[in-house]
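The structure's right below; bear with me while I get my questions together.
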Amino acid sequence: MAAVSEWERRLEETALAPIRRTGPRFWALVAALLAVIGWGVYAYWVQIRDGLVVTGMRDRISWGLYIATFVFFIGISHAGTLISAILRVSNARWRTPVTRMAEFVTVVALVCGASFVIIDLGRPDRILNVFIYGRWQSPIMWDVLAITTYLTGSITYLFVPMIPDLALFRDRLGGHTSRWRGWLYRTLAIGWNGNATQRRSLASAIGVLMILIIPIAVSVHTVVSWIFAMTMRVPWDSALFGPFFVAGAIFSGIGILIIVMAILRRAYHLEEYVTEKHFLYLGYLMAAFAAIMIYANINEFMTHGYKLQEGVEFHFRQLFLAEFAPLFWFYLLGGLVSPIVIALLPATRSVRGFVLAAVLVTVAMWIERYFIVVTGLRVPLMPYEPASYTPTWVEWSLLAAGLALFALLITLFSKVFPIIAVWEVAEDHEATVASPDTARRAALEPPKLEGETAR
Amino acid sequence: MNDDTAKGAAAEQDRACVEAPPHPVTDGSRFDRRRFLRVLGLGTLAVVPLPVLPELLRQAGLAEAPPEPVRGQGEPARMRDGRIRQWTMIIDLRACDGCQSTGKPPRCTAACVEGHFAPEPMEWIEVYEAELPGGGTQFMPTPCQQCQNPPCVNVCPVGATFSTPEGTVLIDQERCIGCRICMAACPYDRRFFNWGNAPVPPESLLADYSPEHQIPAKKGTVMKCDFCPDMARTGTLPYCVQGCPNDAIYYGDLEEDIATNGRVLVAASRFLSENDAYRLKEDLGTEPRVYYIPGHGEAVGRDAFTPDRLPTEWPWMERADGAVTWQR
Amino acid sequence: MITITRRSARIVAGLLAAGAITVSLAGPALASHVLVQTTTLGEGTVGGTVNVPVTLQAADGAPLQGTTVIFYLHASFAGVEGEAEIGRAMTDENGVASLAYRPRLAGHHEIRMEFAAPAGGEVEVTSTAIDVTGGGQLYRSPAGVDVPGVGVELLMVVLAIVWSILFWVALRLVAIARGGGEVGTPEPGPGR
């Protein structure tokens, strides 16, 4: 028992540490991110003033980097759903240190993704028209409904399991922290004190949410894919788009989660809780999803390529051989094949290896969204010369600002809210320690990863 | 409850912490099952998402008829006996040579650009040069196809583009939010976006905007050929029909089954069937209202192997302040 | 003495026969009058079909077969006034050419028929009139997607279910907040 309390005390201290101490590096990072965001705000102001002509989009390729980034962020938002919900439903105990970060990433990614749609609008001042004159037959309306539902559900799903940890913060930090923080924890902990009634309510709420959030998340990326699949553009006219995008979303979500996990683990010394095992399991999941993505791509290209109907040959040429070939082959080899190779080879099956794979996956998935949007619009509809598209400094600035906003929000979250699900991790630990199968389970633990020293 | 029972219950909760409680919650909780269901029912009504609430009210007849999407749209064009006209266009490609014989850029496009102050580089009716399967090329003046199953109308989230009773498709630039999903959806490349301040003559900014008379163009919105409905209603032919030197474009009404190119009258259905008329991309199911009679300008002496037409020009000497232009 | 020899009789008969043959062949050309019969069409309705028959007979009453008759309707549209060809028909063995005409505008209309007299090349005309009534709209603009059974109601049901579940979760949170009055174990977390 003493060992458990000591372990638990260490866990709580680790969770509280970011709140207690803030070093200069944190402020430097925040300042740098704010600078990038500020530059993005300036770029957006230029766009508002002069119109979308400051971007590289034109009549023939009328969507570009903004919509690709929107789809990318919505895709990343599936990180939380997979880890938190699916692994909770399947009662995979190893998820517990990771769920909070995953849920953060989801909420922040949704906010960033939604802002890119608004950035892409020609008349953002009329955004309320969507609510006043909304047509339910429009894929964009389905998008609005699905994303607002998912955002609400995700915020709820972030908040509800956090209540006991917020109560921990309230109890341990009250009086030792700034007044607004104390007020925040007190309010958000909604009077949690761990009694039986509350525990029952919390359990049932989490139980319902974790099941509900899965179909919501699937529907979100499906309707996002339908924005493309409900048109008659040759590369988009595919019944496979829904599942393809959902698989891609979960895939890119795992990638970004590995990256966020690696960064937060090092920054906040979570090595005892977020272990190599977590990277290993997530890496395996990522490799599995890479295989699914390869399978989906084979389906798409084989079914179109066998028949070579109008426009398909042009599309294949631009994608495999000509203008977009470097992007496509990087996506295929760097984004889909390399995670599998890294997971298979013992030499690369390490935290570093999987973080590298995750970086490749994240970049490759952004590239995939980019060339899906641009090549889809580039196939000529009538007898004219194919147009070309190059993003301008405004678009790149806003992309950088979006990524900086993503990083900034996660950084700020980690300084205000508990980044690790203390009560769940503690529960998992106690169950492991108390279990008579501990010795047997320990023997079945996967071997230590290469290159990783115990910390 | 004494401590042991509490601990036992807590331990039980531990193992089942991800499952719902095994028995109904009745002790001390204010939410018993019946009340829960009542609240759930009220909650269902209370949380219907706002975006489609206006639509629901309209469908239930509790709200007034949808706000007219068009400001300044007149009554639908009607025949003498009160039936609503169904505008159509028939383009006789036997008479279209891309204005090669005139030595100028296509006159239909020029007339439309000048009549509507179409911003550069918009060609609302665009003369494409298509390759013929057997060799040679044909010129195809392509206005908005005014589909009866319009992909653009289907996808618009705010109903800014809509079908009129006459079967034409218009755009309300006062409602358009500039999302451009309609441009992705149109299979004929017939929609154009005002990427910046439109390069139009300053006097055009003084006109009264209406979806039937798209002047002045509004930045950040979509525009396209509208079949000149304001002119057609009064019995005037559209600019492109008037502008064609070979009278290749016919404008007509399917309801009265009549069409004219400004010189001769034809019975539309007969003209179409006798001349093997076809529509563009028929297999897409968009049901366009623009018909083509196959040809390559032979009626005006063009040989199919004479290529190229001159590029369109936008003739304004002066542009409004802050106007820019862009490429397609 | 006039002697009608058999030989001269044969010559005269031959000449007469030749003349008769010539005249019969050239008859229709020489005889520029083709008898035309049209019937008054009475009334038609918009959207219905009216038969417009015209009977052509040679001057001698024999029916003219195989002559193409072109039908024109006098109309005015978009400032252009003139005639639109509404059909063609060929006379049958009874000399009747009949067009199945579908009137599309109510009112009094003139239909003009043109035909080329056989072997003559002269274009002859005749006309008839028809009064058309009625006027149900024939074309309706369907304006967009209409899939039976899939309507805003289905969408609303799905959304209502999801949002009411979220609302129920909110009620759970209210329950937690209210449940804070009870004495609980000192340390937070359901595992304690």
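Per-chain residue numbering starts at 1, and chain names A, B and C are given in the order in which the chains are listed.
The rule we apply is simple: a contact is a pair of C-beta atoms (placed from the backbone, for glycine too) under 8 Å apart; a residue touches a chain by one contact, two chains touch by 3 or more.
Please read these numbers as outputs of a predicted model, since none were measured by experiment.
The greatest centre-to-centre gap from chain A, using C-alpha centroids, is found for C. Averaging the CA coordinates per chain and comparing them to the mean over all protein CA atoms picks out B as nearest. The interface with the greater number of C-beta contacts, when A-B is set against B-C, is A-B. Work out the mean CA point of chain A and of chain C, and you get 61 Å between them.
Distance between chain A and chain B, defined via averaged C-alpha coordinates, is recorded as 36 Å. As a whole-number value, the distance joining the C-alpha centres of chain B and chain C reads 29 Å. Contacts with at least two other chains are made by residues 136-137, 145, 149, 196-197, 199, 201, 203-204, 208, 427, 430 of chain A. Residue positions 6, 10, 13-14, 17, 28-29, 49, 52, 55, 154 of chain B each touch two or more of the other chains. Shared interface positions of chain C, i.e. residues touching 2 or more other chains, are given as 144-145, 152, 155, 159, 163, 166, 168, 175, 178-179, 182, 185, 190-192.
Taken in their complex, chain A has these residues touching chain C: 136-137, 145, 149, 152-153, 156, 160, 163-165, 167-168, 171, 190-199, 201-205, 208-209, 212, 216, 422-423, 426-427, 430. Considering their complex, residues 144-145, 152, 155, 159, 162-163, 165-166, 168-170, 172-173, 175-192 of chain C touch chain A.
Listing the residues of chain B that touch chain C in their complex gives 6, 10, 13-14, 17, 28-31, 36, 39-40, 43-49, 52, 55-56, 59, 79-84, 86, 148-150, 153-154, 162-167, 232, 235-237, 251-260, 262-267, 270.
Against chain A, in their complex, chain B makes its touches with residues 1, 6, 9-10, 13-21, 25, 27-29, 49-52, 54-55, 67, 69, 122, 126, 128-131, 140, 142, 151, 154-160, 175-181, 183-189, 191-197, 219-221, 284, 324, 326-328. By the touch criterion stated above, chain C contacts chain B in their complex at residues 46, 73, 75, 77-87, 102, 104-107, 135-139, 141-145, 152, 155-156, 159-161, 163-164, 166-168, 171, 175, 178-179, 182, 185, 190-192.
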